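Some notes on the structure that comes next.
To keep things simple, chains are lettered A, B, C and D as they appear, and every chain counts its residues starting from 1.
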C-alpha cells in the first residue's frame, strides 16, 4: 500500500513535470497540430494535402519561421476513425498545447473534433467540405479554407442546368455518410432551381455493376447524370455502365470523378469523355494552356519531390494543404502573436488573402473563406500534371 | 417441489400383485419407464422396455454393449424422448419434458465420462448441483440482496458437508482438472446430491475404479439408498451390481430379458447365455 | 481467475488500490487529454463488463455489440439533443432500448450454434449502420448528430469522468455479483459443458438470453455516454472494427475473469495513443494480438499470472485416497431436505 | 431488367463460391473459417498485381492467384486450425480464424491501398456486350465448374472419398488409418486454391479491393446457411437466392437496405428450417 501510494505521487509529479516541459517548449516554437488520415480509407486526399503542408512548413522555417519562432508540426494519423480523431484532438489541444490545428481531413471526423477544439479555444483551419463544420457563433475560431459541399454541388448543378441546358437530372449517391448527405443537398439545391430529379438513387459504394441504375435513369428520360460520391470504384462503374450502354449523356458531379485513378478503372479511356466536375480556377489551364502563376510557382516547387516527373495527384489537394499553413503564418504575423483571440480577430477581418488554392475572405459572421468566383468546372479527361482544362462554356 | 419425500425402505416392493394402496403409494413416488421404445432414424435401440425405480432401492441395469442401457438412462433423464411408451413419476407424464424439468423433480444423473467444469474448484462444481432449487433470481443476485448472500453461504455449507461425507474434503479447493479419475466420479455424484435428488442415475460409476475405491462407492450407494434415494446403477462390473442391488434388470439388443433379484438374475440361463457367460 | 472464492487480503488490497486510482485520476492525470482517455476507458468498460458476461462467462461469441452501442448513442443524441429530454432520462431510455434490442437480437440468434450466432450478431451491427444511414430525418444520416453534454457539474471533463467512472463501477459491481454466486457457475457451465449444465437444470436459452439482455442494457448506457463524450456521432464512428476491439479486450484479458478484461481494456485503449507505430498498423495489430493469445494462452493473459503464481507459490497437492465419512454423508443429506 | 438478373446471378455465384470454400474446409475439420471470403479477395488482388503490375500473362496471373490462395489456405490450417483443434475447445477456432482474417485484410489494405484497383480484361470482348459480358459469366461459369468439380472429386477420387469419410466421422476415419491431419491440410490448401480461383474469375466484377473479404465471408455464410451446411448444391442455390434477392431489392428499393434484406433472408430460413434447405445440423450431445 505504502509503496504504491509513493508510486502514485511519483507518477503525478511526472505528469506535472511533463506539463511544465511542454509549456516551456512552446516558448521557442509555434506548434501546429495536423489531423490527417494518412492511412485508411480516403487517405489519397490526405497524403496529397500532407505534401503541401510539409512544404509550406519547411519554407517558412527556412525563412526564419513565424515571429522568429520555428514551426513545430505535430502530425497525427487518425486513419479516418472519428474516435481516434477526437482522442488526437484532445491530445493536441490539452497535452501538446498546440496553437493551431489543421484538419481533420474527413468531414465525419471534423464534425466530432470541431466542437472540442472550439471548447479548447484553439484556432482551427477546416478542410472538410460538409457545411455543418463551420458556425461563427458555435465555433468562432474554426475557419474553413476549402469550399463547401454546397459550392461544389451548386457549381455542378449550375453547369448542368445553365451551360449544358439539361433539366432532366438523375442523381446517384452512395450509401456512405458523405454520399447520402450530398445526394440530399443536391436534391434540395435543384428544388431551389425549380427542378425535380427524374431519378434519384443511393447505391452501395461497392456495388459491382451500375447498369441497372443507369438503365432506370435512361428509362426515366434523364439527360444528365449527377453522381455524388467520393468512392472512385463506384464512379468508375457509373462511367463503365454508361459506356457499355452506349448512352452518351453528360456526367456532372463530384471532383473525385476527375481523379487519375478513375482512368485506370475505366474499361476504355473514351468512357471518360463528356464527363465534368466541379473544380477550381486555381488548378485549371487557361485558354493559353497556362496555370495561374501562383499555382505554377507551387507546381515548380513540388516538382522535385516527383523526381521531375508529372504530378499524378489532384494538385488542388496539395495547394490546399500549402495554403492552410500560409493562412496561419499570415494570421500570426498580422496579429503579431499567436494569441488565439488575436488570431481570430485577424482572420475574421481577412479580405482577399491571396493563397495558391484560392483567395480567402472571412468576416465576423462568415467562416467559409472560399469565394464562389474561385470555383470552376473542369473536363474530367483533361487531367494533366495535376490540373485540368475548363469545361466548354 | 424441493422437499424430497423419503419413504421407509420396504423390501420386495416390486411384486406387481400386492395391495392397491401400496401400489398407489409406489406410483406416487416411483420413477417408471412403461413399455418404452426408442428408434434412432429407423434403427431400434430399445423396444418395449419397462422399468420401475423405487425410492430407497438400488436398481441394477446390466447387459452387453449396445443393449440400450445408456439409451434407457438418457430417456429417464430426458436427453432423449421415447418413440413410444411413457415415463411416469407420481402419475405425472414426463416422456416429453425437458432435462431441466426432471432436474427440478429430483432426477439426478452422472455420466460415463464425468462432465465437470475443469477450471472451477471441487466446491464450485458441487455447488452447481443446487441450481434447480436455488431461490435467488438474476436481478436479486445482481443487486446483491441480503438473502442471496445467505443462500450462498448455506449452499456452500451443504456442499462442504456433502464433499466431506463423500471423502473429498481434502480436495475442496482444487480445480477439477487436477482431479484423479475416482475423485471426478465421486465429485459428480456429490453434484448430483446437491440437487436434493429423489432418484440418481449412475452411468457406470465403477468404471476405472480400483477394488478399494469400488468398496467405497458401494458403501456410498448404500448410504444414499438408506437415505431414501432411488438409485439406478448402469454397470458392467456385475459382481459389484449383484452385491449391492435390490433388483436387477437385464437388457439385450434393446429388449428386457430378465428382471429380478440379483440371485434370480445371476442364475438365469438366458442372462448367462447372452451376457455373463458360463 | 476464480471469482467465487472470497476475496483474499491481497485481492482486497488490490481492489482498494484500484478504487483509489480511479477516484484520484483527475489529480494525477496531467491534463484534460489524459482525463478524456480515462473517461473513454470507463465508457468502453461499461459495455465490455456487460459483454464479458456474454463472452467471457457464458461463452457466446458476440461480435456485434457495436450495433447496440450505436443504438444507445443515437437514442441519447436524438432524445437529449433533438427532443430536448433531460440527459439523465435519455441515458436511462438508451439503456432500456439497448436491452430491448438485445432481446430482439438474442431471441432468434441465441439458439444457433456458435459460428451462426457470431455471424448473426455481426450482420446485426451492419444492419444498424445501414438503417442509421437510411433514416436521415431521424439520425441525420451521414452527417450524424451532436452528442449533448450532461448538465453542470457533469458537463466539465472532471464531472463527466466521475459520472462515467461511477457507472463503470456500478456495472462492474453488478456483474461481479452475478459471477461470484451460483449464477456465475451456471453461466460457466453453459460455456464449458452445456450437457452438464442441463443435467443440473440450467435452462440454457433462458439464461443466455438474460445475460445477453443485460449486456444490451450496458451497451445502450455505454452508447449514451459515448455520444456525450465524443460530442458528435456519425455512422463512421461505429465500424465493425470497434466490435472487434471490445472482443479482443475480453479475450486477451481472459475468459471467466473481470480483472483481466479490465486490464485488457485499459492497455488496448491507451496503446495506440502511446505507441504511434501501432496506430499505423491499426487493426492488424489487434488481429495479431488475438491470434497470439489464442495460440499461446487461450485462457487469456490472466492465466499467465496464475501460472506464474503457481510457479512461485505452488499449491500443495497431497493425494490422499478417498475415504467417505458415511455418517457425515447421511447427516448432510438429511439436513439438506 | 435482364442486367439486374445477370448481375444478381453473378454476384450470387461469387457468394456461392465462398460458400463452397466454407464447405471444403468444414468437411475435414468441422470448422467454419472466417477467412473463407478473404481467400477470394486475395485471388482478385494478387491476380491484378501479377497481371497489371508485374505484367505477367493472365494465365500465369491466374495460377499465381490460385497459388496465393492455396498458400493462405495452408497458412490458415497451420496457424489457426491445427493447434486449436488439438485443444478441442470449440470456440477457439472462431477466434483464431477471425484474427487471421483481420490480419490479412488489414495487411492487404496497408500494402495494396484502400482504393479499389482495376482488374485486367481476360478475353477480347466488346465492352458494350451488356449481359453477355465476361465479367458476369466468368464468375458464374467458374462457380458452377467448381461445384461440379468438387462433386466429381468427392465421388470419383480416392482422396475425395477420404474427405467424405472424414466428414462423416473423423475418429472412425482415423481409426481406419486415414491420415486425418494430412487430409485436413490438403482440404485447406484446396479450399484456398478454389477461393483464389473464384476471386480471380470475379475480379472484373469486384475490382481488386481489400474489403471484399469480409463482405464475402458474411454473404458466403448466409448463402451457406440458407442452402444448408455441407451441401454444395445448397451452396449454389443459397448463393443464387441471396444474389438475386439483393440485386432486385436494391433495384426496387435502392441500396440503403441491401444488408437488411440479406440478413432478413437468413433469419427467415434459420427460423423455418434451421438446418438450411439441404443441410443437416447434427447435434448429438450425449
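The rule is short, and it goes like this: a contact is a pair of C-beta atoms (placed from the backbone, for glycine too) under 8 Å apart; a residue touches a chain by one contact, two chains touch by 3 or more.
Quantities reported herein were computed from a predicted structural model and do not represent experimental measurements.
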- Note on the structure: Maximum number of contact pairs occurs between chains B-C
- Task: Quick one: point me to the chain whose Cα centre is farthest from that of chain D.
- Result: B
- Intercentroid distance (Cα basis), chain D paired with chain C, Å: 32
- Message: Roughly how far is chain A from chain C, centre to centre by C-alpha average, rounded to an integer in Å?
- Response: 38
- Query: Any idea how many Å lie between the Cα centroids of chain A and chain D?
  - Reply: 38
- Query: How far is the middle of chain A from the middle of chain B, if each middle is the mean of its Cα atoms, in Å?
  - Reply: 74
- Task: Would you mind listing the residues of chain C that make contact with two or more other chains?
- Result: 130, 133-134, 195, 280, 282
- Within chain D, the set of residues that touch 2 or more other chains is 110, 256, 258, 285-286
- Message: Can you list every residue of chain B that touches 2 or more other chains, as numbers and ranges?
- Response: 79, 111
- Item | Touching residues on chain B, where the partner in the complex is chain C | 3-4, 6, 77, 79, 98-100, 103-104, 108-109, 111, 115-121, 124, 127-132, 134, 136, 138, 141-144, 148, 152, 155, 158, 161-162, 164-170, 173-174, 178, 180, 182-183, 186, 191, 193-196, 212-213, 216, 219-220, 223-224, 226-227, 229
- Touching chain C in the complex: which residues of chain A? 1, 4, 8, 11-12, 15-16, 18-19, 39-40, 77, 79-84, 86-87, 90-91, 93-95, 106-108, 111-112, 114-116, 130, 132, 175-181, 184
- Item | Sites on chain C touched by chain A in the complex | 13, 16-17, 20-21, 24, 27-34, 36-37, 40, 130, 133-134, 136, 141-144, 146, 230-237, 239, 241-242, 272-273, 276, 279-280, 282
- Task: Would you tell me which residues of chain C are touching chain B in their complex?
- Result: 2, 4-5, 173-175, 177-178, 181-183, 185-186, 188-189, 192-193, 195-196, 198-203, 210, 214, 256, 299, 315, 317-326, 328-337
- Listed in rising order, chain C residues that touch chain D in their complex are 59, 61, 63, 108, 111-116, 118-120, 122-124, 126-127, 130-131, 133-134, 194-195, 240, 244, 247, 251, 280-284, 286-291, 294-295, 298
